[in-house]
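I am attaching a structure below and will ask some questions about it afterwards.
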Amino acid sequence: MTRRAIIVVAASMMLASAACAADSQIWGGMIITNIPEYGKDQSRNLGPLFTYLQGNFFRSIFLGILLGIPAVFLCHYLVFGPKVFSHDGERIYVFTLFNRIIHLLAAVSFVILVPTGFMIVFGAYLGGGALVTYARHLHGIATIVFAVSVVPMFVFWFVEMLPAMDDIKWFFMLGGYLSRKKQEVPAGKFNGGQKVWFWLATIGGLVMIVTGGAMYLQDFGLGIAGGLGMSQIDLLRLAAIVHNLLAFAVVAFFFTHVYMSLFAIKGSINSIITGYKEEDEVKHLHSSYYRKLKQVRKA
Amino acid sequence: MSNGQARMKFYCDTTRCIECFACSVACSEAHELPVGISRRKVVTMHEGIPGKEYSISIACMHCTDAPCEQVCPVDCFYIREDGIVLHDKNKCIGCGYCLYACPFGAPQFPRDGAFGTKGAMDKCTMCAGGPEETNSARERHLYGHNRIAEGKVPICAAVCATNALLVGDAEEVSTIYRKRVSSRGKGA
Amino acid sequence: MIEKMRDKMTPRIGRRSFLKMAAVGAGVGAAASLPLGRSLRAATAAEVKEPFPGSKRVKTICSICSAGCGMIAEVQNGVWVRQDVAQDHPISEGSHCCKGIDQIDLIKSKQRLKFPMKKENGQWKRIGWDQAVDEISGKMLALRKENGPDMAMFLGSAKFNLQQAYYFRKFAAMWGTNNIDHVARI
Amino acid sequence: MTNHFGDVVGHSKVIFIIGANSAAANPIGMKHFLQAKDRNNAQLIVVDPVFTKTAAKADHFLRIRTGTDVALVYGLMHVIFKNGWEDKEFIKTRVYGMDEIKAEAMKWTPELTADVTGIPAEQIVQIATILAKTKPATVVWALGITQHSTGTSNTRILPILQLVLGNMGKNGGGCNIIRGHDNVQGSTDMCCLADSLSGYYGLAEGSWKYFAKSWGVDYEWLKGRFAAPEWMQAKGFSLAKWWQGVLQEETTYSSSPVRALWVQGNGITSMSQQVKIQEALDKLDLVVLVDPFVNEAAVLTNRKDDMYLLPAATQFETEGSVTATNRTSQWRSKVVDPLYESKTDHDIMFLFAERFGFYDEYTRAMKMAVKDRELQPVKEEFVWPDDACREIARTIKTIGLGGWTPERLRKHQENWHMFDPLTLEGKGPMKGEYYGLPWPSWDENHPGSPVLYDVNTPVTAGGMGFRNRFGLEHDGVSQLADPSVSVKDSKIAGGYPEITKDNIEQVLGITLTAAEKEKMGANWKVDLSGIINEKCLAAGVAPYGNARARVKVWQFPDPIPKHREPIHSSRPDLVERFPSYDDQKNNFRVDVKFVSEQKAQEWVKDFPTMLVSMRVVNLSGAGMLERTSKYLSHLTPEMFANIHPDLALQYGLRDGDMMWLHAPQGTKIRVKAQYSLTVTPDRIALPYNFAGVMQGVDLSDNYPEGTKPYTIGESSNTITNYGFDIITQIPEYNAGLCRIEKA
């Protein structure tokens, strides 16, 4: 399946590049509409906006996320320590093999996407050139892997990820993570934090794919820009802004996700490897789900 | 300019430009650019409408506050003391940010391979080459001729059929243009 | 608001590197039409490196249109390596159109006819000059024998130089026909 | 060009451009017009059927209906004469026959002119006023004027306008005709033409005798080379209709059908009637194409045998002089040796002259020189091109090439920087010479003549009156200039005739020695001894006389230019009033249809759209040269037609759709419709620089391997309508009709 997807994507890319070889969407006649519009009040001002944001903020914000979030979690770990659950209870089967394979794909892609993304952002400190160029291409290839995983993931977890009352309560107590006390936290199969991460990773992820793909292909002539009533270059500018802004959130949540699964909850990583969660963990962290399971069993 | 240093600028007098493409072809030919890469472009606005039609030649304008230089994630741009904005192709990763920032659509990206991915950015160097050794074969290969180092004017402005395209110190360019406009009198 | 943001976009001086800034503009009379800044100085000999050592600059005339623009061809070891503008030419003063500045490409074009060819049974065939001259002159003389010299039509060129044009007219005259013409009918 | 580009920049106050798109065809010329605008506040007036890039820079743009140039100029003259704005003194003293012009002009009221030309009456009055009140004005034209069935009338009416305004022979005035190819002026001067010998000598016996002498050959031998003496003096087939010599569909008059075609550097795919040319190429017994690139005639034809391609070297692989549009001769140095197996054009001619058995006679004159006032052999070997250059200089008297020695031309090239671009005057060591010695440059010391017919400059410094070419009187009126018109510093006051052996002593008031008389030729044109030239210049006299400009050519079908509708006119009502000429018998050995074709049917009913040909800046001529450049061909990747959206939508054509264009002669081409507001909905404009596709059939397979240019396309000349000028037989490229059909 993966290979087929790669072929499909590659073929469409080739088509796109052939289409634009004839008449560039950026440097052809369209260049004119772009130039007089740049920086004018009545225009969208995406050019100056992008320049302003990228020139002044994006890199600093990424640096803040890269250093800040791990630092916060380090403090959290030191102050509250990990949550430890009994391994003596029953093990509950929560993730099917298919779930796990897909998640693995997504995980692999993220492990590539995030560092390579950072390599691009901080390319200057790496001296640019071949290293960062490869990082950029790797970023693109990993996107294909992610694209393959995101759709099934979206489909099989969609229903359980729909918002519920529990989530509000969960957010009020921040999942109980700001306490050393072991308590039952209101949550279904997935808690409020996981749900936000899910929606960000799927819908946000799709937006990231589209904006990233646009920037990667750049001079594609599919009439998309025209359809949106904007010039190709403005579309690209918008893509760059959106891609960066979304990346802040995605990266932040990705770090959180990693911290939770690896450090904050001892052994929780196993569930996505084996498919089973400790009963104790489910009982405390996904109390509503646990109750539901019990009822089903009784019945 | 604050320190009295000249700032090299291009200016295209639209009352003179006749869309003859000399600048564009001269540039491609001198620097042996692949077809499809046009460091310099000529475009016509309002074509066919008497009184409104004009043509203009566009390339990198070597901005004082070059937006491309501000957005480059790998800092491949550098601005010479005379204001010429150049870049290091060995550093460039082809991300396209400079293109998004540029008001003039100057940065160009060659297509490398079947995937249509972008190679290192290419743009007008004002015929001043790049960071490689001056007039070396490597510099010529990556950036084209370094006419400035030879004491020559950029080929596009040198060749301009109607002297529409001017290049030089910003103040002097504007003096020439002012002189043209004032001698034109009130006619037209 | 955006305008305000843009005002803030000041160049980051610290990130600028100053490379090769010495060899700036220069070129005495060569830059007649251009503003030579007060603050520009001539590049020193050490800075001005010859990209094509030992090349010679041949003065010649563009072969496209009748304006008659001057051209400078740089020739190194018998190879035309670069085309340059002729700033001191009295008609063009360095200017060219796109065709004029691309003369070097036209002449070095891959599509040049490289050797004599003949069409035989619908196929193009490479032949030598001797064979070409033999066959053509044989056929011309045979036809002349049958129909007299007016059986030939000579079409000359506006791309001949003056001497060639004169000799082409003479060629037709000595062949014995007035069936000779070129593109200028008025 | 009577003046030159620098002169326009320096002096012109009005530049009247008609039928020329300098911005595309001649950008360096355009530069000078724009400089004149900037420096003199000159007004640029552009007359064109299409809003060209030149028009975009104009102060006044007149959108003319194709083929109505004569009407427009009469309309302008009507206003000028009516208000008494003509230069009466100039007309009285230097012009013959103006009364008839005036009478004709009085018929062309602004209203009638507006109806015929499509230009508003107010604009005609406005432009006439500008021309009359602002002096000097220069008139500029190119092929938009010449390429009509009335081309000769067109090219006559414009100088007449300048005579009316008194703008001839003046700085900033004159008729500045922009020629096409780099040496089209030179090749024309050397008369690679079917109706002339080099230097416009004509084909009369006297001319042939002079040339036999100049070439060092026996006149009888030369005569023997021809089919018969009568064919020696008869015009040959022209480039426009040579194919009738092959096909013989219309009546031809020649000693033989055309069976062999020898093309040396001529893009015949840019000629009209492509289908006929294709048929003729197929039928010929032998086709020889000599060119640096594949001549696309080889691609057009489907013949299987007896076709040869010989590789010629380009002009950068040989040396010689070229004549620019302002009559300036420039030395072109060799850049590199001939590439690949190519040979220079003259070497190819020498090679065949040898096989044809006239090599000795052919090259003899290069080994001769004028010594002791007589042409005689002086050496064993000749040096190309120097000796050919000297031969031309001593032979061509009519246009005064005496000064064009290789030494002088080389010196001018070496000293480009010593000439002033505005006046062409030399400085320093080149002082006293004009750049490139614009002809007439009467002898080795003459500086050249930058401005023709300027009587306020001495002959020795480039001045002269009008040429005395057509006798001393006509209808009892003297053809010589008025006694009040003396060329500056001339020994003779007022007009004088052209100088001959018989009148030289009387006119110049000198006495010749017996020896001089013996060696002198019959007149200034055929005097190889150079004595006439010498005596004339000593007296400050132009050898060709000081006469009146005649505006009436009594030998022509239209003694004064008349408006005649194009053969395929968009206005049938005007065809009745301004019909074309009667059909013509035997011009250039072939009959030509005029009024019979014009009235064969009401063409506009079936072919409602006007057809205009145009130039694109990146291609020239047949375009084969430029289409082999990757950069130039990239600018116009395919053949197209500029069409107004309103017209296109009538046929359901979207921007970029393909369409068929049908011509009255039954031919058609398939081209891309490109929306453009430069044309009005009654006309479409086509570039003519493509070939390689014929009536929808791709001829790519006919190119020898590796020679196909980057772009090929339909030739617009496939649908150029039938029609030829009555005198010169130039095809009517620039007025015609077509029908659009969605492809």
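Letters A, B, C and D mark the chains in the order given here, with residues in each chain numbered from 1 onward.
Please note the rule applied: a residue touches a chain if its C-beta (ideal position, glycine included) is under 8 Å from a C-beta of that chain, and two chains touch if they have at least 3 such contacts.
Just so you know, these numbers come straight off a predicted model, no measurement behind them.
Provide the labels of all chains in contact with subunit B and in contact with subunit D.
Where subunit B and subunit D share a partner, that partner set is C.
Please identify the chain lying most centrally, where each chain is represented by the average of its Cα atoms.
It is chain C that sits nearest the middle.
I want to compare two interfaces, C-D and B-C. Which one has more contacting C-beta pairs?
C-D
Subunit A to subunit C: how many Å between their CA centres?
It comes to 58 Å between the two C-alpha centres.
Please compute the C-alpha centroid of subunit B, do the same for subunit C, then give the distance between them in whole Å.
24
When the C-alpha atoms of subunit A and subunit D are each averaged to a single point, how far apart are the two points in Å?
Inter-chain centre distance comes to 72 Å.
Scan subunit B for residues touching two or more other chains and write them down.
20-22, 24-25, 29, 36, 67, 70, 75, 161-163
Enumerate the residues of subunit D that touch no fewer than two other chains.
Only 27-28, 31, 617-618, 630-632, 635 qualify.
Subunit C: which residues touch two or more other chains?
In subunit C, 9, 95-98, 100, 102, 105 touch at least two other chains.
In the complex of these two chains, what residues of subunit B are touching subunit D?
For this pair, the touching residues of subunit B are 15-16, 18-22, 24-25, 28-29, 35-36, 44, 47-50, 53-55, 161-163, 180, 183-185, 187-188.
Taking the complex as given, what residues does subunit C use to touch subunit B?
That would be residues 9-12, 15-21, 23-28, 30-31, 33-40, 42-43, 47-51, 82-85, 87, 94-98, 100-102, 104-105 of subunit C.
So in the complex, the part of subunit C that touches subunit D is made up of which residues?
Touching subunit D from subunit C are residues 29, 58-70, 73, 75, 78-80, 86, 88-93, 95-100, 102-103, 105-122, 124, 129, 132-137, 139-141, 143, 147-186.
Report the residues of subunit B in contact with subunit A in the complex, numbered from low to high.
On the subunit B side, the touching residues are 36, 38, 41, 43, 45, 58, 67, 70-76, 88, 90-97, 99-105, 108-109, 111, 114-118.
List the residues on subunit A that touch subunit B in their complex, please.
Residues in contact with subunit B: 10, 13-14, 16-17, 20-21, 24, 26-27, 29, 31-32, 34-35, 38-39, 46-48, 50-51, 54-55, 59, 120-124, 126-129, 132-133, 135-137, 140, 215-220, 233, 236-237, 240.
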